[in-house]
Amino acid sequence: MLYLVRMDVHLPHDIPAPIAEEIKAREKAYSQDLQRQGKWQQLHRVVGEYANYSVFDVDSHDELHTLLSGLPLFPYMTMQVTPLARHPSSIR
Amino acid sequence: MLYLVRMDVHLPHDIPAPIAEEIKAREKAYSQDLQRQGKWQQLHRVVGEYANYSVFDVDSHDELHTLLSGLPLFPYMTMQVTPLARHPSSIR
Amino acid sequence: MLYLVRMDVHLPHDIPAPIAEEIKAREKAYSQDLQRQGKWQQLHRVVGEYANYSVFDVDSHDELHTLLSGLPLFPYMTMQVTPLARHPSSIR
Amino acid sequence: MLYLVRMDVHLPHDIPAPIAEEIKAREKAYSQDLQRQGKWQQLHRVVGEYANYSVFDVDSHDELHTLLSGLPLFPYMTMQVTPLARHPSSIR
Amino acid sequence: MLYLVRMDVHLPHDIPAPIAEEIKAREKAYSQDLQRQGKWQQLHRVVGEYANYSVFDVDSHDELHTLLSGLPLFPYMTMQVTPLARHPSSIR
Amino acid sequence: MLYLVRMDVHLPHDIPAPIAEEIKAREKAYSQDLQRQGKWQQLHRVVGEYANYSVFDVDSHDELHTLLSGLPLFPYMTMQVTPLARHPSSIR
Amino acid sequence: MLYLVRMDVHLPHDIPAPIAEEIKAREKAYSQDLQRQGKWQQLHRVVGEYANYSVFDVDSHDELHTLLSGLPLFPYMTMQVTPLARHPSSIR
Amino acid sequence: MLYLVRMDVHLPHDIPAPIAEEIKAREKAYSQDLQRQGKWQQLHRVVGEYANYSVFDVDSHDELHTLLSGLPLFPYMTMQVTPLARHPSSIR
Amino acid sequence: MLYLVRMDVHLPHDIPAPIAEEIKAREKAYSQDLQRQGKWQQLHRVVGEYANYSVFDVDSHDELHTLLSGLPLFPYMTMQVTPLARHPSSIR
Amino acid sequence: MLYLVRMDVHLPHDIPAPIAEEIKAREKAYSQDLQRQGKWQQLHRVVGEYANYSVFDVDSHDELHTLLSGLPLFPYMTMQVTPLARHPSSIR
């Protein structure tokens, strides 16, 4: 089942740079692991913003929330989740 | 180059049903032709809404606008276009 | 899987009363059938508005969209769909 | 009488972790006690957000405000309260 | 129990004047009857708008929705309902 | 002349508790004094929020602004002020 | 007492031109009469919009609402009314 | 003096096609005349929308409003006008 | 040329009182100087808010931006600037 | 390919002045370098705001994001990016 997720990152300016870098490094590894599993199907940068649009393919709402709330940057993000259904004109 | 496009359809209630059906049939053919060409890469229904999220892969803003404004339903749609860049954590 | 859905009805004022009544009667039957099946678990009126908050329990996004888009009042509604996950403090 | 309540939690990032954990533990106990009393009838996580949708069944506005403002996380929450009435199509 | 209600009236411009006047006359009678019963405690015009702020004192959400949805102008109104609780600094 | 005022309080989390309590105590005394004078006619808690809806009866905009800006909590509040006129259907 | 009023005009496109012209002519006369009386102190066009910002100087909310609701274009306008108080830095 | 103007066109669906075409032809001629005069310096289509962003270079607010309100499509447009000043980092 | 400007002040709570007072004193002097020059024609307090509506009469966008950005409170303000044109019904 | 970009700067008040000045100096140099290369075609101050409207001419979304995210002020900015296409009435 597919979900479109928009994530906006708001890192506080007073986080020490090494800590911020460490969080981002863990975020990248976490994200790439989910991409390799096929659960995080797409990951695109929104031009000009510290934000992304992603597509997830998971089995349930609970699985998606577990994945998203486990993101190292989760405490610093706002998210919008949109469930996607099959479109009758899609050729896939 | 990738663009995320959200399209919301607002067909007036007083359009005669046969005309509405004819427009939708042309829309479907037009959409599937672009999908087969690889320009309209993804097409998903937003659950509960007469709306879709799509991803286009085209060479320029002008090409995208030409494709979108040629949609048979274009006069009845509102659109939001978001340019997408490569994300540094994407494995693709 | 649970979804919270808010539905707002906007019936055009120039729909003849008998037609509006017939649509509403079909809507009621359709809704009560889904309630009896256990798919439309809750249905509440928003006080002072021609709107409701509902909870659906279905197997997939596709099933939910099929149910919602089949509502006789669907062409006259705007909807907001929110996927709900298990809350760690819930005792259920 | 039923109320739909959406709660969004905004814990400041500079709260020491042990204090945050202690507040959350008290929140959980408080919430589960109200659930067992039948006053907090439903509690669902909004997917991807530090937020919940809840349904309360209490006797009066005053009782609801007393319950909500007593939440250990109340100073860090924004809330939207919607009174719910019986829907004429509900089979309950 | 008290509720603050804001009502905005949007009468379509193509309603024949005699019909509009008849609806407004019934609205006035309906409103004054509820005021005399003590259920519609306050009724104020918002300056410069075809809108009002009202305070209702009723026993339940269901009673309020029944009163509001029975307004002759109800099909032409949008409403916002806010439940009000006792304020600890109020001297009443 | 009547004004509807909505006040939302946003006390910073790092204000020491004794100072916050002292401000709130002064706020309460200030508010009750104006209520006894008949200028602050109504004061209601918005359910679930650190906010109130109030009705003031004063002689001029200047008098209202003087009263409001003198509130001990004024630096921590956002306010919306709506002037109210007599409604032609009011029986008062 | 001063009020800032923003008025936006939304004339339906299907009003016959002679009727629209007649309404506008009455609006102009009505407006200029109030300007000459000193009650409508300022009247400015918002650049690029069928809208104006005005300042009224009247004795009460009721007087202002009577003036505004008497405008020939009132049924086709949306209005925002902001009460203005003396500013402590004003030299007037 | 420069102004950024965003124009959104909302042509009613029931305007006969020949009349719409005639209005658009006049709009194009009007626009190109102002471009040749150097007053309408830039004109860009917003991708996916029946809208444009334009830059005007005129001597006064009054001149701009006269130009904009003279557009054949003006009755069917909403506009946002933003005055632009010289930027200290601009090399022009 | 006239501009309507709304200014909202957001002084951080942790600015030491003497520094805040000094900024406000400079703001007042700066403002009154511009009022005496006839450039800051009107200055009104928005009732209940730490905000004002002002009218400026200057020769160009650049002059206005220079005046506004020179305000001692400018770093703590949000502003909305609306260019005003002559209204055809104005008697001035 | 052209993009309209609006940038709003939100420098935290507690950044030491020398550091803020150093960031701004680097921002200016960075911006002027891109202007000289023809990539940052226009740069205008929004009157009354710490914001600008800019037009970029680059080859791809990726190039634009690289340029924007390299701005020394990027961590303190919010941005809105709008892709611009050729307008059929433009004479250029």
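Letters A, B, C, D, E, F, G, H, I and J mark the chains in the order given here, with residues in each chain numbered from 1 onward.
The rule we apply is simple: contacts are C-beta pairs under 8 Å (C-beta built on N, C-alpha and C of every residue); 3 or more make two chains touch, one makes a residue touch a chain.
Protein names from UniProt, one per chain: A, B, C, D, E, F, G, H, I, J = Muconolactone Delta-isomerase.
No experiment lies behind these values; they were computed from the predicted model shown.
Peer 1: Which option, F-I, I-J or D-E, should count as the same interface as A-C once over half of the contact pairs match?
Peer 2: Interface equivalent to A-C, from the options F-I, I-J or D-E: D-E.
Peer 1: In degrees and to the nearest 5, what turn takes the CA positions of chain D onto those of chain J?
Peer 2: The rotation relating chain D to chain J comes to 145 degrees.
Peer 1: Cα centroid separation between chain A and chain F, in whole Å?
Peer 2: Roughly 43 Å separates the two chain centres.
Peer 1: Distance-wise, how many Å sit between the C-alpha centres of chain C and chain F, to the nearest whole number?
Peer 2: Taking the mean C-alpha position of each chain, the two centres sit 39 Å apart.
Peer 1: With centres defined as the mean C-alpha position, give me the chain A-chain J separation in Å.
Peer 2: Once rounded, the distance between the two centres reads 26 Å.
Peer 1: Any chance you could list the residues of chain C touching two or more other chains?
Peer 2: Residues 2-3, 45, 47, 61, 64-65, 81, 83-86 of chain C touch two or more partner chains.
Peer 1: Sort the chain contact graph into one of these: line, ring, star, complete or other.
Peer 2: Shape = other; not a path, cycle, star or full graph.
Peer 1: Provide the full list of chain pairs in touch.
Peer 2: A-B, A-C, A-D, A-J, B-C, B-H, B-J, C-D, C-E, D-E, D-F, E-F, E-G, F-G, F-I, G-H, G-I, H-I, H-J, I-J
Peer 1: Quick one: in the complex, what on chain D touches chain A?
Peer 2: These residues of chain D touch chain A: 13, 45, 47-49.
Peer 1: Along chain C, where are the residues that touch chain A in the complex?
Peer 2: Contact set of chain C toward chain A: 1-3, 60-62, 64-65, 81, 83-86.
Peer 1: Flag every residue of chain F that touches chain E in the complex, lowest number first.
Peer 2: These residues of chain F touch chain E: 2, 4, 27-28, 31-32, 35-36, 42-47, 52-53, 82-92.
Peer 1: In their complex, what parts of chain A are in touch with chain D?
Peer 2: Contact set of chain A toward chain D: 3, 5, 12, 15, 61, 64-65, 68-69, 75-76, 78-81.
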